[in-house]
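Input: a single structure, listed below in structure tokens.
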Amino acid sequence: MITFDNVTKVYQKDWVALQDISFFIEKGEFVFINGKTGAGKSTLLKMIYKDEEPTKGTIKVLDQNLRLLKKKNIPKLRRKIGVIFQDFKLLQDRTLEENVAFALEVTNTQPRDLRKQMLEILTYLRLSHKKFSFPYQLSGGEQQKVAIARALVRDPYILLADEPTGNLDEKSSQEIIDVLLDINYKGTTVLMATHNLKLIRKVKKRMLRIEDGKLASDE
Amino acid sequence: MSLRIGIREGVRTITRNASLFIMSLLVTSISLFLLSLFAFVTVNLYHFLNILDEKIEIIAFLEQNADYEALESNIMKINGVRDVIYVSSAQALKDLQAELKETEEVLRVFESNPLPASLRIKLLAKFRNARGLEEISDKVMLLRGIRETIYGGELVDQLKKITGVITTFDIALLLIIIFSVVFVIFQTIKLTIFARATEIDIMRLVGASNTFIAIPFTFEGITQGIMGGFIAFVLTVITKRVAVSFLSDIYFPQGYFFLGSILCGIIFGIIGSSLALRRFLK
Amino acid sequence: MSLRIGIREGVRTITRNASLFIMSLLVTSISLFLLSLFAFVTVNLYHFLNILDEKIEIIAFLEQNADYEALESNIMKINGVRDVIYVSSAQALKDLQAELKETEEVLRVFESNPLPASLRIKLLAKFRNARGLEEISDKVMLLRGIRETIYGGELVDQLKKITGVITTFDIALLLIIIFSVVFVIFQTIKLTIFARATEIDIMRLVGASNTFIAIPFTFEGITQGIMGGFIAFVLTVITKRVAVSFLSDIYFPQGYFFLGSILCGIIFGIIGSSLALRRFLK
Amino acid sequence: MITFDNVTKVYQKDWVALQDISFFIEKGEFVFINGKTGAGKSTLLKMIYKDEEPTKGTIKVLDQNLRLLKKKNIPKLRRKIGVIFQDFKLLQDRTLEENVAFALEVTNTQPRDLRKQMLEILTYLRLSHKKFSFPYQLSGGEQQKVAIARALVRDPYILLADEPTGNLDEKSSQEIIDVLLDINYKGTTVLMATHNLKLIRKVKKRMLRIEDGKLASDE
């Protein structure tokens, strides 16, 4: 499903964010990515949806070599991947509902299915009462939930969750983890970057730990 | 993307960023108005030059007691002649006096009438140039009863020269203004799109194709063009109303101006938004 | 805020948002260029009208064998007279023939010379109107040896009327263009500031006073004005160069145009950014 | 130092975010504000630096009734308060260093003091090596640290920290808490909104808990 082969990422000014990272993630796996602030977790995820290019090495996602993927086909790749961005990346001029619907519309979902799927996920995350609110009218945690809803709603092949519980209280965090486990159970490959070791320990899944830009452990 | 979604997205793009849209619309309207205003001046200039052109004629002086009616019908048969008007000797003096009175009153000094009767020959448009004049004049000269023809060859040359200069100048100005207007509209649309660069980036990250992103903005560009063109047209009509009050003879083909404004608006809107989007959709 | 920080912040505002600055600068330049171009046309129009005005004169026809030299010096003493030129009878005929040749060649028919000698009286600028002409003409008529005076009262009226219409039209156009240009520049600056609304909000939350926020943007506005004015000036100079090649007599006071462009740029820049910022700094 | 007197905040659409909140915080206190997502923690803080107006009730900050505070004096109030925003609110067209310096420049700090204070805080938070990076070149945690540095650098009378550790790993979080305790020890009044109960329990300071928009406990 996802293969990293000796991937190195150097940002400008010779800042080596990741070095010689290799791993393989099978379809249906649930993997945590751990590492402290600035370790390179987000960078790793960004390379999967081709927001950043690796400086060296090969990345394969859904049987495609990303380096060979044509620009015009990037949207197609991204539509198969759900991403919960660390900084949410909500569309500021759209309501909560429209933000979630947007993720479905780009995939040409039929209006009928769209409404159904959307209502389902909003109810599930207890966001329905804020449906018509714009992002600036939401609390930090509510915004994060919208970001989660948007990633989940289209039942992606791969789900990338970058620190999805940073702004959520303990109870909500646990709920989100349960949602992720649930969607994983239904077949979606899940990668979740987090520094919250407590959560990871509870769940007992595979964990990639990044330290000083290198893969320190894979257990 | 279905048309329905395209339009809905476009409407949202406009309404949710109303301030941006209005600012950009105002710039577009004013720019198109300037263009329209200039077209208005140009049209009237040509209208005026056309009236001058109409005045080009050949004067054929008749011999004493020539049969002017026979001559008239003969001349009418010449290719390129549109009309022939007979001016008697008495009339000619009156005309000349009337005409010169305003410039040099010298001719009051005359005591006898030295002016012969004449035929004023009006030409079809495409003969109203030095060559056409000469050609027809030569043919007229062959007729019996004609003493002399004059056709102000130099006047025509002068007129054509002035028309040429004015036309060149006018076209140059028109090009400058068209260029400026297109440029300003383009840069303004770019600014409004730039202000939403973050939103566009997010759309791409969520998997929206270039078309999906472009359609609402293009829709916005077209809407802006149509509305801008309409506002420009209204402003031009107002200008025309005001102009009429102190310039009597004003030419204003309203229908063409309406269509022209709207069309220019649409074209500039499409071009502007497409070009502006290119930067973001590489 | 110290001036040093103000300038540094202004430079940062420009360099860190270079695309926005350049887009806005281009719009400003083109707008100011249109204004400058129009000023250029206007200046030349007035220049031309001035030359026509210079041609206004009184013609005093002399009696046979009048002492024109005595008359000349007497007329020179009249208040408002600038110059007197003697035209002999023979010269008058030549002039008339030369002049009319291009319009109506009728006068070739003359056999004797019916034209008297005359004095052409040039006036000081403020007497070049119907009243001034009449006044001086009346005084000239009192002198012995003058048969008649003519001064094309109607011509002057005509000229003044045309000048009046052109001036009104011109001022109207100038106002429209000034308004449009100011408006476009203003809206464009507003758009660039709008694009940074989030940044401005953050600055206010961190405790920046309105002045602290406004200074860099005003600095940007002024810089844009100066640069825009300069670019507009260069474009106008180029236009002038091109115009010279097919219109010989072109008037272009370069210094004034330079100062004017830069000054307009600065003024519009300051006004534009101040007005635009008002929305954000309530 | 900070007095809330029967403060109610109703957002448009009749959404009651806070209801009849009253409390008093003395100079030099350290207070946690706890409550789950959407409880109204951020709203409470926003009213202290006059970003939001209470619908009813009176708020006094630094002996000033905020309702009577003139608009032109708001910047003066804000300069005395350091805020760590939940969404960071970094200036995107400024480098890390410039973002921090900006907070000092608005207070007319002398250039010499400015450099000194800035270097101190950047070194302290281990951000010096990223001094010339723009926000988009920083990881989530690094951005949060910049937000913290900016709030701390001008030694405010009051420090408002809205979920300051949401993007930080455990170790960094602990460090930040230590920094806040330290600055509090030096005399600054600190209010910290968080849902991280673990942190709160460790520190043992006064805690205001908000539940359903009401003050549920004050201990």
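Just so it is clear, A, B, C and D label the chains in written order, and each chain counts residues from 1 on its own.
One rule holds in what follows: a residue touches a chain if its C-beta (ideal position, glycine included) is under 8 Å from a C-beta of that chain, and two chains touch if they have at least 3 such contacts.
Just so it is clear, the structure is predicted and the values come from calculations on it, not from any experiment.
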Intersection of contact partners for subunit C and subunit D: none
Farthest-lying chain, centroid of Cα atoms versus that of subunit A: C
CA centroid of subunit A to CA centroid of subunit B, Å: 61
Length of the line joining the C-alpha centres of subunit A and subunit D, rounded to whole Å: 29
Distance between the centres, which are taken as Cα means, of subunit C and subunit B, whole angstrom: 24
Inter-chain centre distance, subunit A versus subunit C - centres from mean C-alpha coordinates, in Å: 66
Contacts with 2+ other chains: residues of subunit C: none
Chain contact graph, described as a line, ring, star, complete graph or other shape: ring
Pairs of chains, among all present, that meet the touch criterion: A-B, A-D, B-C, C-D
Subunit C-touching residues of subunit D, taken from the complex the two chains share: 49, 51, 71-72, 74-79, 81, 83, 85, 89-94, 98, 102-103, 105-108, 150
Complex interface listing, subunit A residues touching subunit D: 11, 35-39, 41-43, 86-87, 137, 139-142, 145, 162-163, 166-172, 195-198
Parts of subunit C lying in touch with subunit D, wherever the complex brings them together: 1, 5, 12, 16-17, 196, 198-199, 202-210, 212, 282
Residues of subunit C that touch subunit B when the two form their complex: 19-20, 23-24, 26-27, 30-31, 33-34, 37, 41, 92, 96, 101-106, 109-110, 114-116, 150, 152, 154-155, 158, 165, 168-169, 172-173, 176-177, 180, 183-184, 187-188, 190-192, 194-195, 239, 242-243, 246-247
